[in-house]
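Two complexes follow with chain A in common, the first pairing it with chain B and the second with chain C.
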Partner chain A sequence: MTKDSQPDLIIVGAGPAGLSAAVVAAEHGLVVTILDEFPEPGGRMLGQFHEEKGHWWVGKQIAHNLIEQCCALGVHIRCGVSVHGMWKNGHRWVIRTSDGSITAANVLLATGGAEIPQPSPGWTLPGVMSIGAAQVMTNVHFVKPGRRGLIIGVNVLAMAIARELSVSGVSIAAIVLPSQSPLSGKDALPKENVEKLLGLAHLAPSPLMRMGGRAAHSLKMAGVVTHYFPRGGIKLWDIPLKLRTTAIAINGKDRVESVTLADLNGRGEMIAGSEREEKVDFVALAGGLYPLAELASVAGCPFVYIKELGGHIPLHSEEMQTPVAGLYVAGNITGVESALVAMAQGQLAATSICRDAGLLGSQSDTKIAEAKQKVQQVRASALIQFHPGIPKAREQVYKMWAKGCDCVENN
Partner chain B sequence: MERIQNHPILGRWQTPREPVAFTFNGKPMMGLKGEPIAAALLAADVRTLRRHEESGHARGLYCAIGHCMECRLSVEGKGLVRSCLTPLEEGMCISEGLQLPNEITGRKLL
Partner chain C sequence: MKHPSLVICRCEEVTMEQLEEAYASGSCTSRQLKMKTRATMGACQGRVCRTLVETWIHVKNPDGPRDAELLSYRPPIRPITFGQLAKDEA
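Coming up: the complex of A and B.
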């Protein structure tokens, strides 16, 4: 057996959390292998960029810096490799991949998130894609998803990617609400979306909108704002944001040709006779993100449901341990947050792994405390907050951990 | 669809990618070496990657990162692959995912 087929630590996911963890673990002398099924490392950071205090934050640049550090430290990054299963054989994990099995004493799951599907009439037509797909095609592969598109769904992810697409020269007709169905719930109602947007006002492109958002929020004016929200929408950057317009159906023969839109009144009821067709050749569905956590389940980790963190997450401690010996988690698998939080979590997870492996000696308490503090600081200062209740929700998970981890049997 | 040659934020591709020839459903096409098959086909304006196994309806790219399995198609010598994760190589013979006979899927559709 070579060192490479038996590393000390296997990390699943070469995104912000996985790469950051690998750097810290390798710095402490662990032999690390990262597995990722995407053809190149970097995760979703590869396609992300946003304007922050007058300059562009470019995920691809940050990913490349981390990859360089990993290479310099001898971390083995294996791309195009899918992980199918994992189990414990004695004290070592056996990781079954599309390219053979490898074993390690410790595994860090940094698998990230996945997009919540948003079924709409006509959504199986070619040309309808998740908004993340539009982002990846445009910013990672440099191929525009179409000539003119429509975004269905209003949330943090939709707004952030809409901005990226517009900067990249992809023409977007509008951002509209999903059609009302048992699956869309409150996401299809104007008032709830205005409320959600007011919470996002700090991301608004103009100081005027930011101020308006704050004022309206403090006055609990969502209802009033909705009533006066223009039927034609408002411009967000150069994209019309239409909170009183709903997409009823996506039409076309073998590919998207148009979307049927209709206007809503302030209560979310369709205005009769307002139906019309918008000609587009692609549609991006934005349903939000959830933690991609199947492997934690396969490994026997217990789960908890926390709405603010995006749904079902593996039970874990603030130090990123799970109740299963030798299994750690970091990044969006623990709850949907920004890439910067994921990076700090990855560093913390690796610090825990090194501590548990006895590599930190007398410094262990200080190092863990520093890494924990960094996660909290990054979280508090994050520009993109996926949910206002995240810090509280995190506390809730750590309380569950304190109560529950003793009664979960280690594999 | 249009390829972005010089991205306003991300710039140009670091090292120029080599053009390669491939076929899709027997038709000769050009793409860039190493890009996912799905990206090469999108650039060639091909939206339909697959026929639904039962209904035969057209299906295309949906998530682009290997989660949804909607973009599966077949590559000679490799079998059925996710086109969004499979790098394009010179001379690949690619064909769309096919509708299957009902004896295989076992269900009757209206």
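Coming up: the complex of A and C.
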């Protein structure tokens, strides 16, 4: 057996959490292999950039720095390799991949999140894609998803990516609400969305404030009485954000040709006669993200349901351990947050793994405390807050962990 | 029902109407909906529609259980060839 087929630690996912964890673990002498199904490492950071205090945060650059550090430390990064199963054989995990099996004493799942679609009539037409797909096409592959698009669904991710698309020269006709159905729930109501955005606007520094002070100001004005939210929407940079407009249907013969829009009153009821067609050649659906945790389930980890963190998440401690020996988690698999939080979580998870492997000696308590503190600091100052209730929801998970399996779903 | 023909599970081509029918005939958890309609059982193994099916049933039946195990994950969790599955199995 070579060193490559029997590392000390296997990390699944070469995104912000996985790469950051690999650097810390390798610095402490662990032999690390990272697996990722995408053809290149970096995860979703490859497509992310935003303006922060007058300069640009470029995810691709951050990813390249981490990859360089990994290479210098001898971390083996294997891309284009899918993990399709895992089990424990004695004290070692057997990781089954599309390119054979490898084993390790410890596994860190840093598999990130996946997108939730926003189904509308016509959403199976070519030219309809998830908002993340539009981001990857534009910023990773440098292919424009179309000439003029419409975004259905209002959330932080939709707004951040709308901005990226606009900077990349892709025209966005509008960001509108999904049509009402049992699937969209409150996402389709103007009042709920104004409240959601106001909730974000109250955070300092908030994405909306950052994205344009005027937008936040308009929202505050609108929030007084939702009814007065301008029917024509407000402009976020040059993109119309229309919280009183809904997408009724996506139309086209062989591909997207237009979207039927209609206006809503303050209670979310459609205004008769307001239907019209908006000519677009692509549609991006933004239903938000959920933690991608299939492997944790296959490995036997119990789950808890926490709405604020994106749904079902593997039970874990603040130190990123799971109840399953030798299995750790970090990044969006533990709840949907920004890349910076994921990086700090990856460092904390690797510190825990090194502590549990007995590599930290007398320094272990200090190092764990420092890594935990860093996660909290980064979370508190994160520019992109996916949900205002995250810190409280995190506390809830750690309480469940402390209580043991009493409150776990599948006990 | 506003959009009876709206496709929910793209892999298995399960529509909103079929979910409604399954619910009316007594399927009141995500697992029962899956067994009845094959929603979440296609090539993507529910990576696209599982949250939709969960949200839909939760609106219909708010008191029902919200348990990750209802829509269970089983290996192989990615589409692979028999060759890949058999690789290094002696």
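Convention: the second predicted complex is superposed on the first by the 380 of 411 C-alpha atoms of A that agree within 3 Å, B and C clash if a C-alpha of one lies under 4 Å from a C-alpha of the other, contacts with A are read in each partner's own complex, and residues count from 1 in each chain.
Methods note: a contact is a pair of C-beta atoms (placed from the backbone, for glycine too) under 8 Å apart; a residue touches a chain by one contact, two chains touch by 3 or more.
Remember, it's a predicted structure, so these values are computed and weren't measured experimentally.
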| item | value |
| --- | --- |
| Touched partner set for A:29, first chain B, second chain C, both or neither | neither |
| Which of chain B and chain C A:312 touches, first, second, both or neither | second |
| Partner chain in contact with A:255 - chain B first, chain C second, else both or neither | first |
| Touching partner for A:138 - first (chain B), second (chain C), both, neither | first |
| Touched partner set for A:146, first chain B, second chain C, both or neither | first |
| Partner chain in contact with A:295 - chain B first, chain C second, else both or neither | second |
| Touching partner for A:124 - first (chain B), second (chain C), both, neither | both |
| Touched partner set for A:96, first chain B, second chain C, both or neither | second |
| Partner chain(s) touched by A:39 [first = chain B, second = chain C, both, neither] | first |
| Contact residues common to both interfaces of chain A (with chain B and with chain C) | 37, 82, 114, 117, 124, 292 |
| Of all residues in chain A, those that touch chain C in their complex | 37, 82-86, 96, 98-101, 114, 116-117, 119-121, 123-124, 179-183, 185, 287, 290, 292-295, 297-298, 303, 305, 311-312, 409-410 |
| Of all residues in chain B, those that touch chain A in their complex | 1-5, 7-10, 13, 34-36, 39, 42-43, 47-49, 52, 57-68, 84-85, 87 |
| Chain A-facing residues of chain C, complex | 2-3, 5-8, 10, 16, 45, 47-49, 51-52, 54-56, 59-60, 66-69, 72-78, 80, 84-85, 87-88 |
| Residues of chain A that touch chain B when the two form their complex | 37-39, 44, 49, 56, 58, 60, 80, 82, 114-115, 117, 124-130, 132-133, 136-139, 141-147, 167-169, 254-255, 292 |
